[in-house]
Amino acid sequence: MAHEELQRRIEASFAQQGLMRVIEARIAEVRPGRCVIEAPFRKTMTQQHGFLHAGVLTTLADNACGYATLSLLPAGQEVLTAELKVNFLRPARGMLAIARAEVLKPGRTLTVARAEVWMRGEDGAEVLCAAMQATLVPSVAI
Amino acid sequence: MAHEELQRRIEASFAQQGLMRVIEARIAEVRPGRCVIEAPFRKTMTQQHGFLHAGVLTTLADNACGYATLSLLPAGQEVLTAELKVNFLRPARGMLAIARAEVLKPGRTLTVARAEVWMRGEDGAEVLCAAMQATLVPSVAI
Amino acid sequence: MAHEELQRRIEASFAQQGLMRVIEARIAEVRPGRCVIEAPFRKTMTQQHGFLHAGVLTTLADNACGYATLSLLPAGQEVLTAELKVNFLRPARGMLAIARAEVLKPGRTLTVARAEVWMRGEDGAEVLCAAMQATLVPSVAI
Amino acid sequence: MAHEELQRRIEASFAQQGLMRVIEARIAEVRPGRCVIEAPFRKTMTQQHGFLHAGVLTTLADNACGYATLSLLPAGQEVLTAELKVNFLRPARGMLAIARAEVLKPGRTLTVARAEVWMRGEDGAEVLCAAMQATLVPSVAI
């Protein structure tokens, strides 16, 4: 699939996700088997200590895994997350959350992907804050 | 710990979570080792097919596990999620998401909890949509 | 499916697993959506502190999930484990390991099951030592 | 810690694991934050289709994660697995199973490690068969 078509297809799916607008997330990069999604730190997205909420990190990583998977499928297919597991490694403070996902094993029935979420600080340095391993299911469009 | 004090303490922590206001979540019930958190279905919280986003289900279940754990700790302690694993069982449609968590094994270093997220429809019937197993770490307040 | 036929089918599959003989495991119970597998404590099955190895607990729980899933499928089908997650809750000491599994959500493409592994001591008391949540894939016989 | 001392310490712990002898596993390599464990394919270690059992792959990967973690701790400390999650990517056929683990985030309370299990065939080619993400707890020797 041509790169522009891939990007268009994934941006179209992304735009339909109400939650992505709330989180102010955007697709920073997508190429076959990989996807990077970014979102700014917002006070509305925190847990009780003022760090970015584990649920937000999970949402970004899950979506990055989903679009990394979708990037390998023919047009007209969709992806659902069957399950995910995520370890939270450090408190998520900083300016920008960056979820980078990669397909580990593509498949017709199941795809396995991994993602890491990094927090970028004011100085530009990045800290690894979460690591995900997820199982996704290609499906026909609903 | 007296029940009202427990409720007050957990409501206070909950109120500090910016994300809970965005999701319009509320604590429906808390007692030692258990917690129920609810949130209404909102179009702003959906994924690309119009179902409640996996990230929202995960957030609710994670928080329910966290407060079920906190309910067993002495005042002045906090809880962090070390890791979580969640299976998405059915599309999350309906009026209300209900995350019910229970501590499986409390511990000084680690606590293991399980949660289930149900979607309640207009007819009041509930459907199981997600199942979580998580590891939490009691910590002193940050 | 009649209960004897179910039992026969699952015993036949079990007998083909070389590893189950090594562990001296046996199916203690099987009924639709549930399976219990037991294995004696053996010094050959330990980790470095003399407890039953996490890998043995995982093997028993994984197999119990597999046969709980298989019990709901028509004859001629098989089951593969797509992924599993297991928390180790307490050191596994005692006389007998008992893995009890239950299907949480059956499905044509994916089944989700949970298992718990208990250790029974000389006094007959049981202690919960591990909790699993797994995703299984029904498949045609290979 | 000098490399020979590290190797000696880990070999000593490994030798105490009854299960490792049964599986005929050996430590192929250990250096700070990394460990490789190998085991031959044996008919006694199979599941019902004649592939290496998921429980064996899990055991090897779990142990590799454990010793990768131990390699970063001072002498006199031990490691326990708190939880693990493993995806099974392909049927495990071949001559030799090779579990390669790496510490993703070391910590005083919790360490997170990842492992991959490869099967090497007669032609020397390797196939990725399982991927693990695990949480480990450093502890004083029991």
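Think of it as A, B, C and D in the order they're written, each chain with its own count starting at 1.
One rule holds for everything that comes next: a contact is a pair of C-beta atoms (placed from the backbone, for glycine too) under 8 Å apart; a residue touches a chain by one contact, two chains touch by 3 or more.
Note that the coordinates shown come from a computational prediction; the quantities given were computed from them, not determined experimentally.
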item	value
Any chain that touches chain B and chain A	C, D
Contact-richer chain pair (by C-beta pairs counted) among A-D and A-C	A-D
Distance between the centres, which are taken as Cα means, of chain D and chain C, whole angstrom	22
Chain A and chain D, separation of their C-alpha mean positions in angstrom	29
Centre-of-Cα separation between chain C and chain A, whole angstrom	34
Numbers and ranges of chain D residues touching at least 2 other chains	82-83, 85, 87, 112, 135
Partner chain B, residues of chain A touching it in the complex	13-14, 16-19, 21-22, 42-49, 53-56, 58-60, 62-63, 78, 80-88, 142
Of chain B, residues touching chain D in the complex	82-83, 85, 109-110, 112, 135, 137
In the complex with chain C, residue positions of chain B that touch it	85, 87, 89-90, 104-105, 112, 114, 128, 131, 133, 135
